[in-house]
Each structure stands twice: as C-alpha cells, then as structure tokens.
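Letters A, B, C, D, E and F mark the chains as written, and numbering starts fresh at 1 in each.
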Amino acid sequence: MTVYLTRRESFCASHRLHSEKLSEEENRKLFGKCNSENGHGHNYFIEVTVRGEPNSDTGLVMNLTELKEIIHRAILDKVDHKHLNLDVKELKGINPTTENLARAFFSMLTPAVPKGMLFEVRVFETEKNSAAFRGEN
Amino acid sequence: MTVYLTRRESFCASHRLHSEKLSEEENRKLFGKCNSENGHGHNYFIEVTVRGEPNSDTGLVMNLTELKEIIHRAILDKVDHKHLNLDVKELKGINPTTENLARAFFSMLTPAVPKGMLFEVRVFETEKNSAAFRGEN
Amino acid sequence: MTVYLTRRESFCASHRLHSEKLSEEENRKLFGKCNSENGHGHNYFIEVTVRGEPNSDTGLVMNLTELKEIIHRAILDKVDHKHLNLDVKELKGINPTTENLARAFFSMLTPAVPKGMLFEVRVFETEKNSAAFRGEN
Amino acid sequence: MTVYLTRRESFCASHRLHSEKLSEEENRKLFGKCNSENGHGHNYFIEVTVRGEPNSDTGLVMNLTELKEIIHRAILDKVDHKHLNLDVKELKGINPTTENLARAFFSMLTPAVPKGMLFEVRVFETEKNSAAFRGEN
Amino acid sequence: MTVYLTRRESFCASHRLHSEKLSEEENRKLFGKCNSENGHGHNYFIEVTVRGEPNSDTGLVMNLTELKEIIHRAILDKVDHKHLNLDVKELKGINPTTENLARAFFSMLTPAVPKGMLFEVRVFETEKNSAAFRGEN
Amino acid sequence: MTVYLTRRESFCASHRLHSEKLSEEENRKLFGKCNSENGHGHNYFIEVTVRGEPNSDTGLVMNLTELKEIIHRAILDKVDHKHLNLDVKELKGINPTTENLARAFFSMLTPAVPKGMLFEVRVFETEKNSAAFRGEN
C-alpha cells in the first residue's frame, strides 16, 4: 500500500543565471534580465515527496518532523538567505536554473533519506515557474 | 484519450495523533505536540482525481456536480466539523495521520465512483503537509 | 512618517462554538455544526500589524524577528496544537468565535508590544472567515 | 536525467457549457447553471509541463521565456478575453468543458513544442476544478 | 469594542467593459481587449466586512451563516454564472467595471444588513485587480 | 462616492539588510542571516491603492492599464531582477527594509499619479512579511 508523502518548505536566496561554458554575450542573450550582473532573488518553495508503506503501528510513511529536519539539514541550512552562485559549496560551478536546482537538491537529499523512499523534488522559483526531478535517467 | 479530472474540497476537523499500538510514552515521544490530549485541528483540503475518456456527446469524464456530491456523501458528510478519532465510524481504530486519511478516503470513495475511474486521493493537512494514495500495492 | 508593519503566523487548534450563557438547545440552534460536541478544528492564520516611524539608523519599525518572537510567546505557544475551549487559560469562559479570538489575542499582545505600536490583530479561521480588532471602543 | 519543467499562465474568458449533440432540455438538465444562455466566465489557469534532459551548457530543458512565448502564441493570444464558444476557431464545435479544453490546448501546443517534449497540459477553471491531458490514448 | 468581521465568497460571471455614454471607437480605445464584443469572464471574489460589538452572550458580531445567506440572496443568486451586462436587473445600464461592481454590491447589500453594520465591500476581478467601497461620499 | 482601486504587481530582486550607520558587528547582530554578505532575494509583491470617484462616463477611478504602466515605469523597470542595494539609484544609501521600500516606492509613484489619488503602497517581502505606507506623518 504505497502512499506518497509531500512536505513543502521555503527559502529566500539570490542567484544569477550565468553559465561558465558560454561567453558574456551568449549569457546576456540567452538569460536576458536573469543574467543581471549583481543578481536578483526569489522566495523559493521546495516540495519533497517520499513514498512507502505506512508503518502498521504508527500510520506513518515517515515522521514529518523528521522529514522537515532532513530537508533543513541537507538543503535549507545551506541555501537559505544565501547567494546560490557564490555561497553554496554543493552548487559550485552549476548554473542555478530551476532545473539544475531540482537535480542538485535531489542529490543532496539522497544520502539523508532512507534508501528507496525519495520520489521527487520540485522547486518553485516563482508561482509560475517550477521544475521537478525524480531521479529518472 | 484519457483525461484526469480533479475536484478540490475542504473540511474542518479536529484530531489527535495517537496509536493504540503504542504506549502513552511512545505516543508522546513520536507525535510530540500532535499527541496533545484534547486534540487540535485543521482546515483539510482533499483533491480527488478521476480519469477516463470524455464522453463524445457531453465532453465530460464525469459531471463535476456529480463528483462533488459523491465526495460529500462518501466523505465530507462524515468528517466535516467532527473529531476524526471520536466521531467517524469509518476511521475507528485508525490513527488519523495524513497517510491513513488518504487511504481511508480512497476506500470510502471506491464503491461510489464508477469502476476503474478513481485515480488518486490527496489530503492536505496544512499547506505544507499532504499525502496521496493511488490504490497501489 | 508612519509605516504599518504586518507579520503573518499560523497555528492549528481545535475548538467548539458553545456559550455558557445559552442552553444546550440554543447553542445547537445558533451554532449548528460548529457546536458539534467533540469539537472540530482549523489552521488559523493571525496577522499582527504594528505601526510607527522607522528608526532612522536601522530602517525598522520593529525587528521582524522580535515581532515573531513576541507573537510566539504571547499567543502561539499557548494555542498551537491545543483545544481552545479546554487548554488555554487566557480563553477560559470565552466562546472561541473568531471575533472573541481577535479581541483576546489583542489583549494578550498588548503588554508585550511597545506602548502605542499595536494597531490591529486579524484572525483567519478559514480563507473565507476572518475578524479584526483594533482596540477601538 | 529527465527534468519536468512547468510554466503557469492565466487567461480570462467566458464560455457556456452546451453540446450541439444534446437537446436544449438535455443541456439544461446536464449542465445546470453552467448552461446559462448568455454564458459566464472564469480566470483560467493553464500549467504546461515539458520534459527533457537539461542542456549541459545552459542548464535548461527549455528557455522559460521561449516556453512562455509558445504558450502565448499557441493558446493565450487566441483565448484571452474571448468567448470560448464564439470567438475561437480552434474550439469551434467543441463543448468547452475543462476536459475538452485540456485536450484542445494540448493539440494546439503540440506543433509548437520540440517533438517529444510536451508532457502535460493542465487547465484550472477554478481553484476547485481542473483537468489534465498527457496525450495518452 | 468594535470588531470587523469579513466573509469571502466567489462567483463566476462574464462581462464586457462598454459604456453607453461613449462611442464604439472610444469604448474600443479605452477598454481595449476588455471591450471584446462577445465578452469574457472572471472568477470574482467578494469580501464583505461588517462591524459592531460582539454580543456578550454569543460572542458574535453577526452569525457567519446568516451573513453568508445575506450575501447569497442579495448578490450571488443574481450574478453567479450570469452575464453581468445582460442578465442582472440591478446592473442594467451600468458599465461593469470593478469600481462600479463594488458600489452596486454595496447598495444591494445595504437593505439586507442591520443598519449601521455594513463597513466595506471589496470585489476582486482577478488576483491583481480589486476595488473597495465603504459608502463614503 | 470614493472607491479604492488596488493593483497587485510582482518583481524579483536581491537585497541585503545592512545600515551604513551601524558597525559591521551591529549589522550582523541586528539583521542576522538577512545581513549575509552576498545578499539573498525575494519574489516581492507590491499593492498600489489609488482612490477617487469613478468617472460617470467610464465607471473608472483610473484605467487599470494606465495604473499598471505607471507602476512599471516608476518602480518595476528600476527594481525587477536587480540588486536593491547596488543597482537602484532611487534606493542609494537606503537600507532596503520592507518599511523603507514602502516609503521609497510611495515617493517614486507620487509624481506619476494624478494629485491626491495615491492612497497606499504595500510591499510584501514574503507571504508573512509586509509593510504599508500611506504618506502619513
């Protein structure tokens, strides 16, 4: 009896869309105002979904307090109120697009979640833009 | 041509996370403030998704008025403005975690929805916590 | 230069609309399903607005971290995950309507906020129902 | 490494649920107030999900500015501030149920999105009603 | 002890911005796409605020069930799933701008609410556009 | 007959809470993680309220298209996708607290709005934090 359990958290960060593999001109053209030199920022939302069979004694797939703490330790403590291009070791060299954040956060969570339970990480940059990664090749 | 149709409803209820299979001490430790003796409550949201091919005459997978009435009769009439641990026959002996509610509501809806159409029941306890069940083993 | 600063917080609680000044029958008739014997619950939201001139050095009317802590100490620590009729000393004998909660929370905040700054307390029972109190006679 | 990228847009339109394959009486009975003769309207939201592997140079599945423009050209320019039964060539003869809109918009987007990338179109008629189509038979 | 009590309701309607006092050309120029001939529509939200001293026995400024019914009878029964320019007697000859709707709805509510209690009517056309009227000259 | 008309817009920006009138140590202590050296960011929302009597011919206090353009020219074109401490001439030397942004945006709008009509500017830093300025001394 597989149940999907989702926890939503938020963090505030700044970033700049800029790829080291492109020239200044290409970056400006491709990313437009998102390439603005001193960066801009967002109130990001992150939705982490784990799945499994609820424990027959507790009725829990995972304790939400524990899931919340895992998300904080693995991700939020590192990115909240930070500049994603400059301050986060795990994102070094990565252009912080929503797509890349979803993949990076999935990787950062993987060792912290019981094996086989992590199903999806969705990242909202704004109410209009989001990206999800499920570990699919 | 399969279309997924989702209806969102809400209800207000109180509950207490407390498993009869655990000791008082274990309940307190595991569920923390959610084990508070006199209970607490939520504005729950429930999203029911049915799927099927839209009828070629009407353009409907299911009439939303009918789906709304099914959700009311099968679930909301029994849980709205109630205490989930004390007042709901269908939840007797079940620890009302979000996971267990998603499964129980799926079961309560199953006989009321045309065979094969019920796809998913998602229950939001708060904006941050939700659980979904799709009848998967 | 008066600026109004608003902080939004939430808590989960159960309650029962029931006035000790009315008979059982009158309570049932007036409050309907909100009078359900074992109570029901809500995800309450509370919006606290303070006003004042921003400090010319800091640009702050009040430090939001401080305002958040005041709201937690004065209100949330007492009501979150509680039964408002049974568990909260400050609400004893008060029928926990949204109107009465707004007035009670205003009173509970008054001694904790610098004199003259508390402007309004708004309480949302659901997205559809809210009450605001400004200390007006 | 497949990432799902979702863009949310909105448009305001009027419509009337009315099937040419049903009699006046059948339409009235089936669609009730949604069959009101002069139509009614909604603030529709549309969520378009594309999927693919992020480009290793740019970190993008698709440039969101491009995706936004595609949605505008293929759908919004034709339906925003319009009457869906009367003004939209692509919807002629189609009863504009949410289910049919999801399918029609999927078809309208298909030639505009790189082959194989369009994953899902979800249409919200209100916060409570939505339909999704994934091109599944 | 004045408390402000707010009830939020919604309705779906179509309308066309078009003033009988302007020429076709002036209407087109002033209202742009909102002047589209066959109309468009919205999920409107209406927030009605009444104020007064909570009754010392009941703790209520007004029973929310009663306020809800008043709003339905005075406004929603007349406008929900209707075309505001064509179907609503109370709006005949009125250009249904958000400003005019706020004033008209205030007038429609006035005889239905106990004298002196109606404080404000706010109408949301979309999440981005709203107008409020307080009966001020 | 005074009507209040509100338009909601959004922008994405980065900022750092840091006052030039305080030492490094005082800034760190007062603003905590909001003082993080490379800044962080938000999806800001701004609500601009104008008031006046609706024109008897058009039914408008102000054309929303015009109000939207005014907000874009006076504010959004200068702050969207920018760093508020580094990139915005109008905010030079101002600690970008929500309070100071509300005041600065009110000043930036004043010359662009017809005299006497600007009523309030509210700035949301997050869903939880907002500040409003009405030009009051």
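The working rule: contacts are C-beta pairs under 8 Å (C-beta built on N, C-alpha and C of every residue); 3 or more make two chains touch, one makes a residue touch a chain.
Note that the coordinates shown come from a computational prediction; the quantities given were computed from them, not determined experimentally.
For the pair chain C and chain F, chains touching both partners: E.
Chains making contact with chain A as well as with chain E: D, F. The pairing of chain C with chain E is characterised as different-residue: of all residue numbers used at this interface, under half are used by both copies. Chain C and chain D have Cα centroids separated by 41 Å. Chain centres here are Cα averages; for chain A and chain B they lie 28 Å apart. If you average the Cα atoms of chain D and of chain F, the two centres end up 34 Å apart.
For chain D, residues touching at least two other chains, in rising order: 127. Chains that are in contact with each other form these pairs: A-B, A-D, A-F, B-C, B-D, C-E, C-F, D-E, E-F. For chain E in complex with chain F, the touching residues are 19, 21-22, 30, 32, 94-100, 102-103, 127-134, 136-137.
If you check the complex, the residues on chain B that touch chain C are 10, 12-15, 33-34, 36, 38-43, 80-83, 86-87, 126-127. By the touch criterion stated above, chain E contacts chain C in their complex at residues 1-9, 54, 56-61, 63-65.
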